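What follows is a group of structures, each given as structure tokens.
What follows is a pair of complexes built around chain A, which joins chain B in one and chain C in the other.
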Partner chain A sequence: MKFGKQSSALTLKTRLLGTSFLIPALLFIGATMVVPIGWNAVLSFATWNGMGAMKAAGWSNYTAFFQDTVTLKGFYYSIFIAVVSSAIAVLSGLLLALLIHRTGRREGAFYRFVFFAPAMMPLVVIGLLFTFVLSPDTGLLNHVLRAMGLQSLEHAWLAEPGIVLWTIAVIGGWRFSGFVMMLAYTAIVALPGSLFEAAKLEGLGYVRQARLIILPLIMPTIRLVTMLMLILSFKTYDIVWAMTRGGPGDFSRTVPVRMLDVAFRYNEFGYSAAISVMLTIVVSVIIALSRKLTKGNVYEY
Partner chain B sequence: MNTRMPLGGYAMRAILVCLTVVNLYPLLFTLLTSLKTSDEFFSDIWALPRSFFIDNYTQAFEVGRLGEYFYNSVVIALVTLFMVTVVAAFAAYALARLQVPFAGAIVGLLLIIQILPTESMVLPLYMMMSKLKLLGVTYVPVTFAYVGWLLPGTIVILRNFFLSIPSELLESARMDGSGEMSTMFRIVFPLTGGAIATCTVLNFCFVWGELLWAQISTLTTEKGLPLTVGLINFQGQYATDWGLMTAAICMILVPLFLLFVFLQKYFVQGLTSGAVKG
Partner chain C sequence: MLKRGKAAKLLTVLLGTTLAIAACGKSEEGAYAPASASAGASATASAPGGKSGEKLKLTLMIAPVDDPSSKIEEQMVAEHFKDKYDITFKAWDSNAEKTLKTTIAASEPIDVAMYWPGAMETFVDSDMALDLTPYLEADDGAWKKTFVGNALAAGTYDGKVYAVPYAAVYPLLEVNKDITDKAGVVFPDGPLSWDDFMKALATIKEKTGIMPLGLYKDWGAWVPRNNLITVWPDEQTRSDFAAGKIPFTDPLAVKAFDASKELYDKFVYPGKGALSTTLEQVNVAFKAGKIAIKADVNILAAQSVKESGLPNVQIVSWPIMGLNHVLGGSNGYMIPANVPHPEASVEIIKYLTSAEVLQKRVDAGAPVTVSGVKSDDPNFALYAKDIANIQSEEVMHLSTKITDILNAKMPASYIFNGKSSLEELEKLRLEAIK
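Let's look at the complex of A and B:
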């Protein structure tokens, strides 16, 4: 009791100190994230050509949005790429983790290194690498197909409307599969070994062990990873820009590419802001949905 | 009963080896191509380089200005990482241990804001920078935005780490008459090395690979272009000169691979600490 007053003075001092430590960070975050997001929302209700004064425009940017097929298709492309590459990344990542779990220590470390490496390569570089590997005449993939006598499977991978989206999505999925593998592998290693002993005594093969024991137990990790993948795969700018610049025609013009076109080529900043507001909404909805869909039991062990 | 275990083991290994080849061969192929002249490449793309031909590299370095871009990227990365680490460490410690009002709410907001796509921030940022006449200033617009964007994730990770330091340790320091400041600098920060390394590696990957904002913020200038933008310009100029292109790709990847080999531990820790940005 005697120290009551003194300690509350101490607390106040601590709090002041803490707040002053926090302020620089909050200023930075405010200036680069909070204020821009707010401003972006305001801008989406205005017309502005990059110079001169802004004019209030009511909902006109949004009505334009729903009639603009190029932009709407862009949303379809972005969602397609995000969903397909997340699915590929999660499935192949889990498979890799299960395979690598069965190999020895040294060997496992080697495979983990090999498969994780793409995850840290910048998307721009991956994009450039694949424009080389996939180029129609001189590309590695078409040469390999030709050498195997599979001429019918040769494609101009980045120049055919029906194929370009799949190509981008598969590359994105490949890039992140190592990421999923690493997280899943860490989760599997953390499972108690006694579980596997018991399963072995029961004569369970590895496939059934994986299906009945490992996968259900690492479900929380799988859920987390799926969310992460969706968030990350919605960043469809770098890889698309490096590989196709939105082409052929508009067939891979994803939302961010379209957004920048609208702003910096056609100078319609207000409309561009409206597109990015819609993107934020769509991304949030999909993440919330995926959270709902993947909700489930957590097993105790 | 399953007695086919060894067979299954071989099948698995075969799959893994195949996938390894699929993963590594394109890289190897790129490396080999970068060491060939164009004539060599077009006459037989499979052949090994006849001599150790490094003209592609010197050309990419000088004509393609990759050396300059590389330097710019290093400067941007160093400044960004330094600022993020310092600012985030103070903020995270305040949120974890210094009884800041509304700490819980602030952390919640940080988690949410970190998920929002940066696409919804770049236009206003561009306008802000142009109003403040900062667009022409080398490095500043790029670095400023990166620091802000990386702070939320870094603060969350570091805060979790600070929370994991047993409070008895801090209590006993307080008992011994250590003020908050000296507790922080003498006791807490020295323990933080691993967590900071983890964040630094993650943040480095973001800064090194970011393209969208880097491109927008350098639209009006020729100076201070980071590597990503430089590479895209390079691609625009030398699109089908595969010798040069592959040399450029290798120049970016080799240092990154070396870094990765030495810091793999921190990459993995970064993943498991639940960071989102990347």
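Let's look at the complex of A and C:
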């Protein structure tokens, strides 16, 4: 009995000690994440110009949101860019990982470095780089198309309403493909070699090995990177700003760009906060949906 | 063992404490008191908590990245105040407004910033700008008297000056005469009518096969803005439109937008994609003879002509649809309302707007707004020839949102959406004049 009490006291003491060790991290996360998110939610029910006193606004910011066509279109642009660039990043990243897995150790290291390089570059630099590449008259892309006799495919890549979203999405996807490749490659090399040896003995080619063995076994990694890509792509601000500043007109004014305009150009911080709350809800719904769609068996090996 | 309920209570207390700490911090930081306007006070004495003799730390954002003269000014300021202030310079770029407002809201304002006196509503409406009137009026208006004509008018709101100008700015055209001569086109030295301008562009395009006009994407809005100033039959109607008394759907306003669209559709380099052309691309095209005309700002024109290396460049006025005006105003300096050392900030601006500093701009061929400067450049007058025609009264000043649409989204919105793009403007006009 005595022993039992002592054990319980020790457990409590140990747990309190453990909890106290967590306090600095908790305070840090609270101050940098929980407080701003809570503050943002509070602000979305107020009007504030950034300097004077805040005034309660009830649901008016949310009512304004549903009447604001520029912001609503911004949601469409953000969703389009997020979905297309995530799909490009995941598909091309997986393909690269599967191809690199077939190469030798030295060439593999070289290719991994080359394809991962864009992920190390700041988005603003990528944005500026592509501004030159995509220039209608002097840009590399149109020059190449012209040299190949494909003048009909030449475009003003950043100035045509039907094209600009695709351009941004493709560049965003290309930028993250190296990141996906690295994670997928790490998952592939962790698979037991005996599986591939057995498959070879059964006469399976690499394409069938990829389809029947690799992809099902690395599905948890694929799900993870898909979530990551969606979250990162939704937040994209810098690449859009560096390449188009939301233009031409409003044709690439994604939600982050719009939020900053509303807050820092119009001084409507409360309304901007309401937009960010709506963005959080939409992103959460899309992530939940994509989790459900990619849900499948997890194999043990 | 720590039970779930206790753990939850502990976490709640911790979260509450965190919130309270954050809130306390915010209320202290956010305690904003308008800066004192006691002109002439010593700057070195006002360092709160600073050690005696320690230099004040100031942050200035006065150098736009595309303005070579402002870099020289940074060096002059650093040298002039080296014994008095510890100055950090921050680059002025397209995010300047956001930077200024973020730092103001965080109570860590930039001490002096370059901004356009004619576009200060966004700061004035939110009490974010310091009233400079007492400093200008001090010592029997000594500082005020250094500005020429009514240069201070652009930065004056409800009788108070919130930004002082250093340069009168307006757009003009630099014409490569070798190309226009080849096309048999002659531009006048005086006002250029819109119809003559379009005819000249058509002739250049037809005779030389090049896209005649180079227009940097960020300056594309000048076309509809200037048309909206000059399209009216008389001064009264122009003024009424600027005051929001005439709708954006008025036939003359629509004509101004249609003319802008036609220009972009037919004559702006490189054709498709003209809305995304960078200044660098326009400069390269002008130098290489791929365009005949470059749209530019008067204060950058001398440098531009020099760098183009072209031997025969004519300076031509911006085309007008009727009234002889040109859009424009001035570049200037402002001080955020919550700067900790307003006297030091004012002292810096006084130096920046002195003849000593602005003479360097004049030497580079840029007209300025203060007296006491001289130029030996025989072409200097060309870059200032339309100053008297500057019309800073524009409809976009009705509200920040209208400014944003007319200055950042036009003419693209009209080109792609047509007259439906005017509906949003019309809604904002009605809101603004309520």
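Observations
Assume the second predicted complex is superposed on the first by the 273 of 301 C-alpha atoms of A that agree within 3 Å, B and C clash if a C-alpha of one lies under 4 Å from a C-alpha of the other, contacts with A are read in each partner's own complex, and residues count from 1 in each chain.
Following the convention adopted for this analysis, a contact is a pair of C-beta atoms (placed from the backbone, for glycine too) under 8 Å apart; a residue touches a chain by one contact, two chains touch by 3 or more.
Treat the numbers as computed from the prediction; the structure is a model and nothing was measured.
Overlay on chain A: chain B and chain C clash in the combined arrangement.
By the document's definition of touching, neither partner reaches A:L91: not chain B, not chain C. Looking at the shared chain after the overlay, A:A198 reaches neither chain B nor chain C. Of the two partner chains placed by superposition, only chain C is touched by A:G247; chain B is not.
Of the two partner chains, both chain B and chain C are touched by A:V34. In the superposed model, A:L150 makes contact with neither chain B nor chain C. In the superposition on chain A, A:V285 makes contact with neither chain B nor chain C. With both structures placed on the common chain, the touch criterion links A:T131 to chain B and to chain C.
Of the two partners chain B and chain C, more residues of chain A are touched by B. Of the two partner chains placed around the shared chain by superposition, chain C is the only one that A:A159 touches, whereas chain B remains out of contact. Once the two complexes are overlaid on the shared chain, A:L212 sits clear of chain B and of chain C alike. Of 99-107, 189-197 or 369-377, the segment of chain C running into chain B after the two structures are fitted on chain A is 99-107. Residue overlap on chain A between its contacts with chain B in one complex and with chain C in the other: 11, 15, 19, 26, 31, 34-35, 39, 131, 135, 138, 260, 264.
Listing the residues of chain A that touch chain B in their complex gives 11, 13-15, 17-19, 21-22, 24-26, 28-29, 31-37, 39-40, 43, 96, 99-100, 102-103, 111, 113-118, 120-125, 128-129, 131-133, 135, 138, 140, 143, 179, 182-183, 186, 203-206, 224, 228, 231-232, 234-235, 237-238, 241-242, 255-256, 259-260, 263-264, 269, 272-273, 276-277, 279-280, 283-284, 287. Put simply, chain B touches chain A in their complex at residues 1-2, 4-5, 8-9, 12-13, 15-16, 19-20, 23-27, 29-30, 33, 41-42, 45-46, 87-88, 90-91, 93-95, 97-101, 106, 110, 113, 115-125, 127-128, 144-145, 147-149, 151-152, 155, 180-181, 205, 208-212, 216, 219, 228, 231-232, 235, 240, 242, 245-246, 248-249, 252-253, 256-257, 260-261, 264, 267-268, 271-272, 274, 276, 278.
Here chain A touches chain C in the complex through residues 8, 11-12, 15-16, 19, 23, 26-27, 30-31, 34-35, 38-39, 49-52, 69-70, 131, 135-138, 154-161, 244-245, 247-251, 260-261, 264-267, going by the rule given at the top. Residues 1-2, 7, 10-11, 14-15, 18-19, 21-22, 32, 94, 97-98, 101-102, 104-105, 122, 125-128, 217, 269-278, 281, 284-285, 290, 337-338, 400-401, 404, 408-410, 412-413, 415-417, 421, 424 of chain C touch chain A in their complex.
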